[in-house]
């Protein structure tokens, strides 16, 4: 398990947290890793919060349920409240500071404030906030390479959505930059 | 079990074998005995043969299912074929000789030929054949008294069916006589 | 021996030479024969699967000379759907009583009809649960005495009899739906034509078809076969009008 | 503060002050209010038992201010029958979606209606399975895309949409059966009158009553609430004509 | 000459054919068959017109009808 | 004078009232409420005729209507 | 009260009335249709109601709705019909509703046959529906006991707010025996006094009867409540009978229902032949008399435990579980409507003891 | 074939196609509706059919009819839906028909919740329907295993002409993992070659597929045939996995499905802490690996057997039965959609061994 990494993506229903997690899982698998992506599927209806966990490992993955994940990317306040305290000591917490104006208050983890909505709007599409976040996370942790990530994005989007691809790639770049900046600050 | 007596009444669907058995059971209960009346209920449809077993005992009755009954009253050929061989050694077999022209061929039981249909027709109603048989059986075995038997018949028929009562009482008398006659022959 | 070539009425090939368990005068027997004759005449026997219900006709698989499935009570249309979807090249029919089809199996028949499953249902309405000893069915007539309505069906508690042909005819999906009876020779002849048409439409891969047949249950009605015929005519038929309720061939025109 | 005496539109007493889980623009909310207003105006709240379905409205028991039972999927009419027979002095209603009532619960609703059970059914037809994420319902329109008919409902495989009001109206047992909609204010007003009448007939111990209400599901239809209203009007309403299909008060006259 | 054959062991004695025969030539026997039923039989075979009504009516397919080539047909069946 | 009150936390921003109001005086706010929805508000309260159409249309019972005694009634409800 | 000779099915119907039950829902099925045929006229006499449902699925759910009224409610059916009620039973258990369900078992699986059988033991005791719940299961061996247990069933259902099943083979329903009913018939329940029944939200908060708990913590709470009930069943509601159990027993027979009576006859006859055999008869099949059978089985002279059932072997798994390998557990069963006779049981005992007949 | 990252529900659908199944009947229910949402477009691509039924009662019976065609047929559902299929499953077993049924279990009883649960163990393994029959029950612990077992399920169903169930909690359906499918997809069955399927009475006697045997001798014969199959299941189809089982184990954990994976993590972590625990994971829940668990449990250093389930305790009854009192059998469970975490399992192990954390 020493080689195992876990990350939770959590937010409102429409914020694309599931997609972000899946893209990460595809990418890690492409790079030869063992992966599990698991949603916390809510009641049989709309609304509320959504989250998924991605586990990436070099060897067989045991429990798909993670007591205390290594990292979390939270997109809204309820998600911060829920996952902020669950992260493992020494773990990483990415907070969408466009919508959340507080922090976890913990000092035993690394916390990064990333205004992903604002950045996404700048990049051309508010819906790309999840990609900004994913890029920030990937850049910070190096869990996968950007090269594979971009290839998988292309593959998943297919050829039809050229425009969307551009926006998402731009979002990646912004997120990546951001992560570095924050890291330097941190 | 030494005090336990069992009898099977068996015949075609419409021959009143169930009623005969029930009347015997009512009478024995009235006389303070433990009783079980159990039909062999057939498939969910009409036709075929019907039979019931009555167990009468002074003490608690164990199995309601009787391997080898002490007696049987058979109203038609298939019933003779089925129960003729099941009667306990030393038991009693009453055969409706109006409809059956053979016997069981056994020499370890007492066999009585009783033309109950013919007698019932004479008594005024072909449907009273079952009562003729019951009377013959009761008279032969003394399992219950005729007094109680008649009282129970009256009770079960109620006041409305005065005419039917008369016919049945007459059938009883005929059956009773018959039994005696046969016994003297035997 | 008579010359078999001159036989103008004989047991159809699709019907085995077996004595049935039906009560004397029970018209299940006539309806069986009409189905068998239809299969014979349309040349379908060798590619037909019947689905038997739970009811007096549960043992019909012993009487027919074609493959058979025996369904749980009321579910024959679901079995027929499953089978026919797997083998659209075969001919499938269900044969169901009124307890089976109109009571427990209401959901299944409506949905099969509505999906337009291409099988044929022969619906034998004898206004009672025959096999279990004469309890009230949804089709039992007002005031009719049964073992669970000893004082007669009380419509204020149990409602009015359900008319299946009318009910199914309201569905928008094309289908052939008719009601016939077998209480006199002319009716039997008509019933035969209608049943045969139902199978023909299936043979032509057209649509779902259901033929409701008014039938007698002398045993549980507590009547002689002849009186049962009268009762059917006088009591059932006015409430259950005979006729073709839905016909894809008419719709087309 | 405004003078409450001048309030000419406010939350009915039978509806709790709770934010519902329904999606924005989902007309389940309007229908809830109409039921609650009817209970209020007829003074029934304190002796009413609602039966919630399985569907998006499963949690309605949290929103109403009266006793509630939660039924297995489709079986609300059977629960209502059981309860009402035990307590004929109480008012009972079921509230069911189209998957619940017209698919899995078809047998139960037809038989409850046919027995003339004296409860009221509010039937919310939104042409889809809302709660489970937008699968085809028996009421789904031809060509309508759902998660189990990604290319649109193919009537040659799945048949045509079932029209419940028409189907139930064919039953002989007296009942009140109507279809309404809530896609514009005038319709809402009419729907209210009809729903209230359904409850009034129950209050008067008259008969079974069912009100079908055409409703939207913006989420699973993949449209804005406003577009959903349009789609309902243009696509659903022509196939599902509004009106009173059966009325014991008319029958009498 | 037309005629019918009744398989007495298939007959359950329901009497429907007796009522149905337009020539009134079927009646019940005094004997019982294997199953215990009084079975139907033709008491005036020569009057049979081969109309098949008895056979069509019989719920137990106990009746066959033979036509020796001279008869008309009442209906298509 | 008639008027309405919108409970912004009950509002889910479906905009149905916006389309329904005959006076076209309802529009959506730029803020979001507790649940994250842009909620409805009245931008010209003085023009409200107290017709109740918005309230009748609202699926979330977010709207109350007050009538200060001067208005007519469009319909019985 | 005077003794009456009654058919099991009818006596059971009368017993329900005696217990104060007035609301009965059923669908015909052999071999128990006589319950409905009796109650359809008998219930109206006492102001009760009988609804002939359209199916057993509907029956289960009518029962569910009726139970919510706080009145005593019940149904009767037979094997295939009981299978169709499994969803509703699961819901009722989850919603803490009392109801009494009688299964007069017939041979299965599928349509099977209509003759006596005990092959629904698993379905009843391990629960055929989904989820963590259990129902109390009672098994009478005579008509009188069927009457007594039927009355008890209503009391237990109310006491625990849980469905209670009684299971008997076709013989229990079809045979006539003499029965006595309690002098005093119970008055029907007063729903207002229940504290939970749906009686209208007048002068109180509204009540909700449900089994849905979307919050897993709440659902677990409900499951623990149900598990708590099970513990109480185990602690308070174990019922059994021992027959001719003594230190001399070489074989302990385990059997329930009428099968146990048949074994009694076999035991009597074996005793006459000098072979000592005892009988363990669970009356509550759930809660199962786990300790009783264990403690009896370990007794010194017992060589083997013989389970006899009208099935290919279902209760025997519970016997194995309880005997914990302390004695070999053997099995004898007949199925499909064939009832093992005392002779067959004796034969099996002799075989186990290597005796010649 | 290349690895694919797939959701369990979709992978299971693809696995059925891979096994040559082309006929699927279902009714939507969370958390497995994605199987239908996948197959509704995927099956037509390979010439298959999907019928969205009107209810699970209809699903069970469509499956029954379809199975009689001799083709490979299957359905998927979740707990309440499976309860509604019990009558049909009993009929199919009685009529010796092969079919594959997947239950992605959710919390119950009743409507319960939609989160992962293992509380339908009894229903599956002891059979929720009436009568003497059993179905093979398989329980995968990963998406890949779900694929492999799904394919196996079809083979076993055909081999024994018996329904086969696969049960998994909601996680199995909802999680994505990488999966590989066999290179070669199976060809659909040829019904004509089956020797029993209904293909039309052309050039042969007519065939009847039924479960009704009014003659008790015949019904018993059928029951014995079914019992015979069970023996074959026991002899040939037991499947299990042992993980870190060694002579040093102080505790043996018994768990199945994803629960077993969670226990694996706990075991790994305990190992790191110096506490030796082994895992027994039954893959076939019926036939249950009775001897395996018995033989592992009796090993000298094992102090206790700990059964961990997402239920209040169901499989634990089988463990108790098999361990035969040789070691204390303990239980830890969470219900209602709460999944026990590795930490909780570790806590329970420590508690049993009286270790402090």
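Letters A, B, C, D, E, F, G and H mark the chains in the order given here, with residues in each chain numbered from 1 onward.
Here is the rule we use: a residue touches a chain if its C-beta (ideal position, glycine included) is under 8 Å from a C-beta of that chain, and two chains touch if they have at least 3 such contacts.
Computed from a predicted model, the values in this text were never measured in an experiment.
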* Asked: How short can a path of touching chains from chain F to chain G be, counted in steps?
  -> 2
* Listed by label, which chains are in contact with chain D and with chain G? -> C, H
* Asked: Most contacts: which chain pair?
  -> G-H
* Which whole number of Å gives the spacing of the CA centres of chain C and chain H? -> 40
* **chain C-chain F separation of Cα centroids, rounded to whole Å** => 59
* To do: Would you mind listing the residues of chain G that make contact with two or more other chains?
  => 30, 54-55, 57, 80, 87, 91, 95, 110-111, 113-115, 210-212, 214
* Hey, what residues on chain D touch two or more of the other chains? -> 23, 58, 70, 72, 103-104, 106-107, 111, 115, 132-133, 138, 158
* To do: Would you pull the chain B residues touching chain G in the complex into a rising list?
  => 1, 22, 25-26, 29, 34-39, 41, 43-44, 61-65, 67
* Could you pull out which chain D residues touch chain H in their complex? => 54, 58, 70, 72-74, 99, 103-104, 106, 129, 132-133, 135-136, 138, 147-151, 158
* To do: Using the touch definition up top, name the residues of chain H that touch chain D in the complex.
  => 27-30, 33, 36-37, 40-41, 50, 52, 54-57, 80, 110-111
* **Contact set on chain H toward chain C in their complex** => 23, 25, 49, 51, 53-55, 57-69, 71, 73, 87-88, 91, 95, 191, 198-203, 206-212, 214
* Which residues of chain C touch chain H in the complex? -> 45-49, 51-52, 58-59, 61-62, 64-72, 75, 78-87, 90, 107-108, 111, 115
